[in-house]
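Heads up, the next two complexes both have chain A, just with different partners, chain B and then chain C.
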Partner chain A sequence: MKITFPHMGNTYIAVKVLLDGLGLDYYMPPVADRATFERGIENSPEFMCLPFKTIMGNFLDGLDHGADTILFGGGAGQCRLSYYGDLHKEILHSLGYEFNYINLQLNHLTYKEIMDKFGPFIKGISKATVVKAVTESAWTVFAVDGVYAKAAHVRPREVKHGSADGIMQHFEKRVRTENGFGNIRDAIFEAKRALEAIELDPQANPLKIGIIGEIFIASEPFCNLEIEKKLGNMGADVYNTMSVSMWIKHHFINAILPIHGKDHAVEAAQEYMHIDDVGGHGVNTIGNAELMCRNGLDGIVHIYPFTCMPEIIAQSAFHDIEKKYDIPIMTLIVDEMTAEAGYITRLEAFTDMLRMRHDRQKPQSYNVSRSSRAG
Partner chain B sequence: MDGMIHYVLMEQKPEVSRRAPNITVGLARAMTYYEHGRLWQNFFTQLGCAVCVSPETNKRILENGVAQCSNETCLPVKVMAGHVLELAGKCDTVFIPRYMSTARHELCCPKLCGLPDMIRLNLRNKVDITEVIVDADKGQEKTRKTLAQLAEKIGVSTKSAIEAYEKAVKNKLNADVKARLAADMEIGTLTDKKTVAVLGHPYMIYDRFLSMNLIGKLKAADINVVTPDVFSHHKRIENAYPYFSERNFYAIGSDNLGCAYACAKRPEVAGIIYLTPFACGIDSLVTEFISRHLKAGREVPLMVLSVDEHTGEAGFDTRIEAFLDMLAPV
Partner chain C sequence: MNRGGYYLGIDVGSVSTNIVLVSQDGGIEKKAYLRTSGKPIDVLTQGLVDFSKDVDDDEILGVGTTGSGRQLASVIVGADIVKNEITAHAIASQRVVPDVATILEIGGQDSKIIFLKNGVVNDFAMNTVCAAGTGSFLDRQAERLGIPIEKFGSLALKAKAPTRIAGRCAVFAESDMIHKQQMGHRTEDIVAGLCTALVRNYLSNLARGREIKGPVMFQGGVAANAGIVAAFEEALSQKIIIPQYYDVMGAWGAALIAQKAIEGSALATRRNEAGSAFRGFKNACARYETHSRECGGCSNNCEVIEISTDDIVVARWGDKCGKWSNVHVSA
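Moving on, here comes the complex of A and B:
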């Protein structure tokens, strides 16, 4: 039995730790690979959203490299993610692939469901090993997000331009090739230490830009064309609300623990939406925009894949939020046709505009929020 | 805003007139009107409200709607915004139901779940909007809460609002078409004649403007036309591969899947036309399932016609003609 799994941002690091810890055989599709991406697009319906197509590419690559089991997480909600599995299976079967498909129901994930679906894999593995592997994997998720957050903090402040990028490049290369928790933990600590050692400019006064939107696109650098890195190098402190650790916390940890905290984002969105769920993260997107505005960010970038239903709904609220706080929100919609040059131009124009507002100190007298909505 | 309107209404209508609210409620002839318009009309009539329905979609309504919404919004929602604007000034409040789910294990499109908010936000509060949550999958709690708010707003008792809902709407959401649809909507009948099934969202196929009178054009070509409503809800679910019975799926998706496969079993159905608004999320899944599954059985020709506000009628007609020419005689 050989497992394959799809990519979403940096989850692969934690999944590797988990599968290595359990001693299972697996194949990881290459990260950010154009060829697999193109294959996914060729074999997907035109108007399905970009995450579906990207994941399709990963599966095709995995099955071609001898995998016979697919590990995936779906659900049963209003977002199309819930029905990805059925269509993936249908398409892959019609292409002649035979495989075992494990679809975790992320909406109401329970300990029992996990054990039922993973039971056959961990047969013969001691309970202590399983607990250890899961704990190490959970630690990795948060530690890796910590590294990326640190890099986002360093980028707009570093004295020598490109220092953080160099370290992150080395880190990503290491975690892709190394195996086992020990080695990956070393790579994480190495990157953290190196990032902390970078000389920062005490005079730096970076812009504060928030990222909200659809989680797959917001957390997958290949799909969002490395938006965090690009904005960071344009001199902005980037706060990405849609991190993988948030997602894991939401779906796995909250589902298993009996205590449920209040979702602040959903609460903040009630002013605009009179309902707590419209599928996906639509309501969270509005709530996060509201919360970020209350916290006084300079600007917000909203990013989602073309045809994403919940995010189109969320977009309707931005006119009111922009007007209320006088903070610009730019919506970026990506699909497989997105060209990098035009994308960079838009990000540059947005950061330049925010910089001008920032320097004027009196943003109230310059209402430019409408022009930022172009496109 | 809601509070203010409420205050004004209550001032005009003190306790004495509680029985007869003397309020005009606007219903937009768009989106769910093509499924349950009559049910809501009965609901408000029972509560003693006057009901004002917007006219059939026309160019002005479409253009007004398009001007109000973001580019990415789908065509039916843009048209909905146009209809609601059309009702401004003609009624005290526009009623937009919030459909979360209309049957057990069925979900509604996210746009329907967020429709009252989307319209209110896109129209920048130009029109007062009243909503009722319909959630048959998760239970009646939220429905009761919103019915109580509606009752207070229009000045009737909560009890009568709940009673009217249960009588006029609750159990009729998936009822026979005669109870739900207006008489002039053509669902067709299955006969031995050469038949084309027209699939899609009810608000696409029954709206003569958005569908460019697709049903009328097929009839003029001497073709018998059926829509998903020709089959009972039960029959559609039974056929809705791969989302039978206990599996959650979009209500509209199951309807079309079920109809497509039920049609595939009938030799008189010579072809299927699926009318979809450009970039519809649900249709992207459903049309893929249909086209793949049809290939596995009797190969019924399927044409997916995608329309948006820029679609020209001449090209649309050419495609229909070409499709009809291609159909083999039964």
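Moving on, here comes the complex of A and C:
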């Protein structure tokens, strides 16, 4: 048996740790690979959303490299994610592939489902090994997100431009090739130490920009055209709520452990949308926008794949949120045809605008004379 | 500082390449509105040759570039400031009308709306996935109807009963126009109907229900079209200000931003005497070659663009990792 799995942001690092820990045979499709991406697009319905197409490319590549088992986390919600699994299966079968498809229903994941679906894999593996692998993998998820958050903090403050990017490039190269928890952990510590050693400008006054939206696009640099890096290098502190650790916490940890904390984002969204689910992370998007505004961010970037229904619904609440807090929210819609130049122009204009608004708040006299003229 | 100095502003867009020469008091001394015609480098260098007849290298105190080709222009000319179009347009408009509240801009391939509050950009929107209603589309329709684009707008004003045209999508608009022609509608009525449809489309796509406060300015190449202007005035029930230099506002803004940056920073200590990164007209007007190739260094296969003059590489971009673009290349 050989397993393959799709990419979503940096999840692959934790998945590798898990599968290595269990001693299972697997094939990981290359990260950010144009050729597999294009194959996925070719073999998907044109108006399907970008995550589906990207994942399709990963599956095709995995099966071509000898994998016979696909590991996927789908859903049973109100958006198209609920038929990702069936559609992937149909298309791959029609292309002549034979495989075992394991589709975890992430919306209502239970301990029983995990054990039922993973049972056959861990047969013969000692309980201690399983617990160790799962624990190490969970630690990795949070540690990796910590590294990315640290890099996001350093970028707008570093004295030597590009220092954080250089370290992250080295880190990504390393975790893609290294195997086993020990080595991955070393890479994480190495990156953390290196990031901490970067000289920061104490005078730096970065803008605070939040990222909200569809989780796959928001957390996958290949699809969001490295939005975190771009905004960071334009001098912004980037707060990406749609991180992989949030996703794991949301779907796995809450399913396994009997503690169910309140979902603050869903709660905050109730003012605008009197419903707890519109599919995908639509309600979270609204709630996160509200929470970010309460926390006094300078601006918010909303990003989602073209034709994403839950995010289109969420977008309709922004008018009220922008009005209430006077904080701009810019929506970016991406698909495989997104032209990078127009994308950069929008991000640049947005940060420029936030900078001007930010600076305006300071000189009082200037402000008064201006507004009297405008009136 | 040289009292007779000037600032150069360059806006390389999809349809036009605009160059302005701005004096130290911020006024436009000379302007050029050139058709890009898919050859931005040739058009820009020819334009610069024309400017070099009026000014010397050492009179240029600073250079700003904007537009979709701003990166390219910055390499060729040597720019102090490379800015996006939104900021550039806003700065130039404020120079004309200091308390401008809304800027409508329709260019060759994109359209924007910019809202200002208390003297700074407060919100903006750009067309997202569709180019319906931009200059290129109007160009094409004018050509199809056999009307010179310059006369397109004034023809619309002659209409007595504007025809209703489906304006949501360029493809549907065109087939609807053909249909209306075949039904026997008069050309001026169809042209006026198209203007109304485009304005309706622009407002619903970009303004999205936001309040459009005056003063409202309208700029970009399409502002020359009297039919569109009339349609905007009717839809917004207010007077629209068309600035004198409506067609080169982006370039003007870039020059003004460059001026601010040069005057307000310590750049002067690092660069040549005038403090500018300007490479000089002679260098800027050299012959440039561009090559593109796939990197192949990793699975991402970035398309790397290389710009060279006399076999010396002056710039590279397109790679995600910085392997090529970070390599220091000297001009």
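In this text, the second predicted complex is superposed on the first by the 361 of 375 C-alpha atoms of A that agree within 3 Å, B and C clash if a C-alpha of one lies under 4 Å from a C-alpha of the other, contacts with A are read in each partner's own complex, and residues count from 1 in each chain.
To be clear about the criterion, a residue touches a chain if its C-beta (ideal position, glycine included) is under 8 Å from a C-beta of that chain, and two chains touch if they have at least 3 such contacts.
Here the structure is a predicted model, which means the values were calculated and not measured.
Q: With the two complexes overlaid on their shared chain, look at chain A and say whether chain B and chain C clash or fit.
A: On the shared chain A, the partners fit.
Q: Check the residue A:Arg294 against both partner chains and state whether it touches chain B (first), chain C (second), both, or neither.
A: A:Arg294 contacts neither chain B nor chain C.
Q: Please work out whether A:Gly162 is in contact with chain B alone, chain C alone, both, or neither, and reply first, second, both or neither.
A: Touch status of A:Gly162: second partner only.
Q: Report for A:Ile333: first if it touches chain B alone, second if chain C alone, otherwise both or neither.
A: It touches chain B and chain C both.
Q: Identify the partner contact of A:Lys324: answer first if only chain B is touched, second if only chain C is, both if each is, neither if none is.
A: So A:Lys324 meets neither chain B nor chain C here.
Q: One more residue to check, A:Tyr272. First (chain B), second (chain C), both or neither?
A: first
Q: Would you check which partner chain A:His264 touches, where first means chain B only, second means chain C only, and both and neither mean what they say?
A: neither
Q: Going by the contact rule set out at the top, does A:Arg193 touch chain B (first), chain C (second), both, or neither?
A: Once the two structures are laid over each other on A, A:Arg193 reaches no partner at all.
Q: Is A:Ile313 touching the first partner chain B, the second partner chain C, both, or neither of them?
A: first
Q: Can you pull out the angle centred on chain A between the C-alpha centres of chain B and chain C, to the nearest 10°?
A: 80
Q: To be precise, I mean the smallest distance between any C-alpha of chain B and any C-alpha of chain C in the superposed model; what is it in Å?
A: 5
Q: Return the residues of chain A at which the contacts from chain B and from chain C coincide.
A: Comparing the two interfaces on chain A, one with chain B and one with chain C, the shared residues are 306, 319, 333.
Q: What does chain A use to touch chain B in their complex?
A: Residue positions touching the partner: 45-49, 76-80, 82-83, 86-87, 90-91, 94, 272-275, 277-280, 282, 306-310, 312-313, 315-317, 319-320, 331, 333.
Q: Applying the document's contact rule, which stretches of chain A touch chain C when the two form their complex?
A: Contacts found on chain A: 30-36, 162, 165, 169, 222, 226, 306, 319, 322, 328, 333, 341-342, 345-346, 348-350, 352-353, 356-357, 359-360, 367, 370-371, 373-374.
Q: Give the list of chain B residues in touch with chain A in this complex.
A: 69-70, 72-74, 98, 100, 107-111, 113-114, 116-118, 121-122, 124, 131, 133, 242-243, 248-249, 279-285, 287-289, 292
Q: Which stretch or stretches of chain C touch chain A in the complex?
A: 68, 83-87, 98-99, 101, 110, 117-124, 126, 128-129, 208-209, 299-301, 320-322, 326
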